[in-house]
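Note that subunit A is present in both complexes that follow, paired respectively with subunit B and with subunit C.
Then we have the complex of A and B:
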């Protein structure tokens, strides 16, 4: 049954540090690389040499934010790279809408998964997700989503350091963290407490497990007001005459007459 | 949302078909023999034809039968159950009327109730989605049921009742548009709540240069000036023209048939708008709908 478990023993999830993420998309590539040849059907691409599109379980957006002025001093706009994937919500709306029982949330660790053998590809779960975490694979016609690399984290065949999601393992900036967010003593829970981790779209009532760490406040250095006296060389750098003179002027006039 | 023709055809035709079954089940009119056969052929073609159309948009059709398993939580599963029960129940009722000229009223009432439940369950598939604020309002089941009843009344040759129901439908649809235009702001999701970034936020760069399943399926935007025109066309074809035809030419076969065609054409336009105008909150991550945030 696609009812949600009342509680889960663990709340495995990711903590994503928006201050540290440099937007390199390495997690996107690692995710696609691992998941296209492990859990379930491959993540297909369509028309790769024309108008390409494809299935991804993790996508990086980049946003510009313009802070409000502080003491009437205008602040500089800033860029934030923003990885977006399944948040393994406690009240996952994608699970309860599923008519076939393919979508489920595991009672033992809270991971939200799709049993592709039962999925009929109606796409209703993708509609129910506010975060765009689910994509219907256009080749196989079944729903794909982040598995939290369930086939890595419990995999005794991998060296211990590799038993974490591919995106976390590969992130060169250390912007992604994996752990049990249900345990207040875990490293990820401490990190969330320390940095003020937040839920995305809390008004949707999904109670996401994954947490986002907001960018740290920047220093208050401002772009200097341009006065025209920034440099002793400034007067010498004044714009040159825009009207051509001499030989060039003659060429210009001659060409005009042709 | 992407207005997929299969889903628009499904919801419109099957709604009218179940509406007709509703009135036949109530004994409005009580029909037997050849006339009954004609009525039930139309009803089943519309209802079943619509259901078949909905199967076309499935990515993995071989698992469609599994959609009967999750009736405790899923409106889509409940819809499947109601549809099959209504069709079986009304099938038996129709069989007795057509071949034995026997009308079992209790069976008809049960079939009528199940038919209406099917339409309601269909509407709840959309109305339950908090992610699409325009659909997440009581008027969504309201107009689905009103459309089914109005179409059913026209098809079952209850002209006076049909005219009243067509007016009710127009009112509910108009209310749905009016309320729907405010729902996105009411729901309170903005690019700021989606990203939790401080200050005024805008999309700087998309994850990929091309389209993807999400943008194709859920970040569909319709030009507002076209929407207004289509709303007027929908109201005219759905309600005004059918009422005019029935009032002027009387409840005869040809004007009623034309009224039904006009009504369905209007409903297609209304249903197209229902999808095309619906704003999914995931669009916020793609820089869409920012003009519709809290004003």
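Then we have the complex of A and C:
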């Protein structure tokens, strides 16, 4: 119902490093703090001091997984912290479903935004988004979503180094990166190439711009690797002595050489 | 439809003004930019120039605006009009509040100042609050370290003259292997996250040793899901492996540690276990070249690590020899410790091998010349890029002190302390235990205490005992029960005061410590003790004064409330005199200043103490004519001098161009504000490593006033203070421990790190309590403060008890299930949730999420006050009775550190309660500030 631009000049987006995200929620409240004060209506909270429920443009989900055994060796369970916000998809179903044209994708940078003046709060876009990245503000009745801090990234009133989304600026672990994913020479594109960044749920056909960097292999310091002679670490524990007397004699010889 | 893109204002005005101050949403003390609009706080972000956080800010800091505007803020001084615990108050003037306080405090100061117990919680002004208490004359002062992480601090200071967090940090830029022991998400919050990010970026490895794989352990490359309380055993096994393989830094041990120091090895000698000293009290080492005992710091000394020598007929052996014999013993072999630690022997060996590989095969050399304390020149700085960190996880066990020492011994053995890629001290550290004061406790009516309350004991003579041998302090710190309790024992104050043991007090004065709730063990019991009355109908603890900014649970139990400000409305100094914000490469301190003035009748607590101190006529708080000396805390920060030329703030002293030393400068705070709220002084490049022994560092430290003369020292693998107490327990010396403690002192106060099963006392008479139970604090919450924050409580509003797969399946739990969790002390009924990435015999929950109904301006439907709960109800401040009927405190027998994490429990499935509310029911308190609004849509126009 609402058309997407045929192409965009840039593909601005986030690269989120799942190897590094410690799940601290800094990005969540930095986002809320900036965006309740800036673009569009404030982000409301219902019953904030009772059973609270509020509007957030960015949330962290922490989940547990139990990998299958590898070569019959049981693997340790894992925890992953997964930040979730709008992925600014190239084929954004939330835009095409919008009956009023309120949801749109900017031709110049690809940012998906909601024109709140035109939004009637029907919620179709939230249904269409496979990522659950849109939230209808209960007080204002308009759809809220990540703006990629469009009012920061070009803002002449901010020092140049601060012209990045609030979530990226605040992330203590440096797990969030911002840039033009349409430019293969950009830092974020290189990072994605180097670390094997992936689309979230590619089967949905939304062509998300945001990319996720997968966790590195975990738990490699494992017992089975320590048993064979082929193990690379074993030589580091080759004994110089079994008993204190032997150790002291070894120390004596070693000190002589220093 | 094709759309016409709306025209956006891409450069909206962000704010009218940015005011830079220091965050206080936790103890991290990050720099913040507070954006002001129309005189109101509109947005808070990290300060990019600030040495602590370099612009980043955590969830708490970024949600600070909700803390600053919380509906739970107290509005005016109050006096209690109902019963303790009810929460019924009447607002009064500050004058009336001071009159009431003085009417209680003045008489006891004149007769017996020890009738005042003044304890502070998350106080960041301890050098000031302790100075006030010292002027008052009571020995009963401490901050919250005793129930937080004193083991980590004291273990580090006694071993190497500094510990983690405020004392030091990993060399994040150069380390190649970082090992994190236990929960540490709360200290030192942003720097660790930034450090982890750097490590990951550099391709270095992160190892997490923690029963729970959450937070930092979730991103650890390797996770060791250890059994709680066995970290010490794992570490000693790593030491065993490394010693056996000779993977230790012999040169480092020889030159910078007490490994070559000669120790009396004759069991019959009265100085058995003590170092051989020269006539001037210097430790002696054996010289390999000259074949004689020599002072350790002689320029041409060639210390030996091995051998046995007789001096005056007494056999002496080096510390290293004692150490090698102890840890090569088979009891520390990986196979021998695998069962207790829950870590397979192969994985222990793999970790030891990885430490060895990185320390010695990936050693770092920085081409920086430096001169050591013996006057020897070195052409480079060699580093072993293995770094470690730990906080409460290993501290909060009864074996925590020795475990912390074991951890530092491991670091020292591989030569990774104060070397590139390893662990680095932050000023004012390095500073050994001998560089700190000893504790003081001499009370004189109407006069100050004879010296600082807290310090480091070095033997029985330093204990805080009265002439009759009874404890001088209400918390029994520095007694035979806990001889090295360097931070006091705040967790014992209420229970001891209630019991009148060792004596009765008159006034309990608390600041910023939620002792009626999450900061106490045995919470229900503590609430009872605070409200108990004697046979005359008087409260057993006669008077309670409390200062807090918010309507916490503790407020309801006080008689007089001194309302504090929020962190954006106050002056503070984050001072080199106590807990500064230094970095390994620089000394730094900071201020808070009122970026907005309070809109309530509240006052920064420190300013209130200044006024109260003047009203009481305390020395230092009044001028010669008896008038108030400091106008307020800001005035104190600028004009107080602790030593001539050395005050609370180091920057812009004298006429504004002196750092560290210099006369008070009336314009000092303006300079801080102009500079973003902090001052920083770089350590010269050739002084940045090897600081305890580096002549250039020592010189620099004297120059900026950290100490008055160069004070190099050796790391002490062998902790002589421990040995002195042990010697007394063996019957040597005048001051002797009570009989019932002799065996325990002998067993636990080993001068070399040891491990014992500290949870053994917690299993119950029939051994039915077998499951370990823990708490940890979420990264997005800080103690109980976070719950009043409308944004943060949407992130962490619930705290189910997390159960590992084995327990979950064994009891047939399913989603929405509840359990009864019991300990020898009590039981709670709580919701449970499944967590696979968890030690198989450990359960845990978030700390301090549960709230009492009526507190924090929350409504009764708040999940925190319904299904939320505290584990504290299961933890007693005393251990179950011993065979002789004695009840020992649930603390480390050396430092008195509260042993929160030694808890053992039983788990039973129960039907969910009809009201879906956790038990026990702690009643409700009236809110003196009403309840928060029904909706919020925060925007400053």
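The definition used in the following text is that the second predicted complex is superposed on the first by the 219 of 258 C-alpha atoms of A that agree within 3 Å, B and C clash if a C-alpha of one lies under 4 Å from a C-alpha of the other, contacts with A are read in each partner's own complex, and residues count from 1 in each chain.
Heads up, the rule we're going with is that a residue touches a chain if its C-beta (ideal position, glycine included) is under 8 Å from a C-beta of that chain, and two chains touch if they have at least 3 such contacts.
From a predicted model like this one, the values you see are computed outputs, not experimental measurements.
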Q: Scan A:254 for contacts with subunit B and subunit C and give back first, second, both or neither.
A: second
- Task: Pick one for A:52: touches subunit B only (first), subunit C only (second), both, or neither.
- Result: both
Margin query: For A:64, using the defined touch cut-off, is the partner it touches subunit B, subunit C, both, or neither? Pick first, second, both or neither.
Written below: both
Touching A:151, do we find subunit B (first), subunit C (second), both, or neither?
second
(Q) Touch test for A:124: subunit B only (first), subunit C only (second), both, or neither? (A) first
Between subunit B and subunit C, more residues of subunit A are touched by C
Pick one for A:101: touches subunit B only (first), subunit C only (second), both, or neither.
both
| Should A:132 be classified as contacting the first partner (subunit B), the second (subunit C), both, or neither? | first
In subunit A, both subunit B and subunit C touch residues 1-3, 28, 51-54, 56, 60, 62, 64-66, 79-80, 101, 117-118, 140, 215
Note: in the complex, subunit A contacts subunit C through residues 1-3, 17, 19-26, 28-30, 32-34, 36-38, 41-54, 56, 60, 62, 64-66, 76-81, 101, 104, 106-107, 113, 115, 117-118, 139-140, 150-151, 154-158, 161-162, 166, 169-175, 215-227, 233-234, 236-244, 247-252, 254-255, 258
In the complex, the residues of subunit B that touch subunit A are 1, 57-64, 66-67, 69-70, 72-77, 80, 125, 128-132, 187-189, 191, 193-208, 210-214, 216-218, 280-282, 285-286
Residue set of subunit C touching subunit A in the complex reads 1-3, 5-6, 8-14, 42-46, 48, 53, 55-63, 65, 71, 185, 189-190, 193-194, 196-198, 200-201, 207, 213-223, 225, 241, 243-247, 250-251, 254, 288, 304-307, 320-321, 324-325, 328, 344-347, 349-354, 356-357, 360-361, 779-780, 788, 790-795, 797, 805, 835-838, 857-863, 931-940
Listed in rising order, subunit A residues that touch subunit B in their complex are 1-3, 18, 28, 51-56, 59-68, 75, 79-80, 82, 84, 93, 96-102, 117-124, 126-132, 135-138, 140-143, 198-205, 212, 214-215
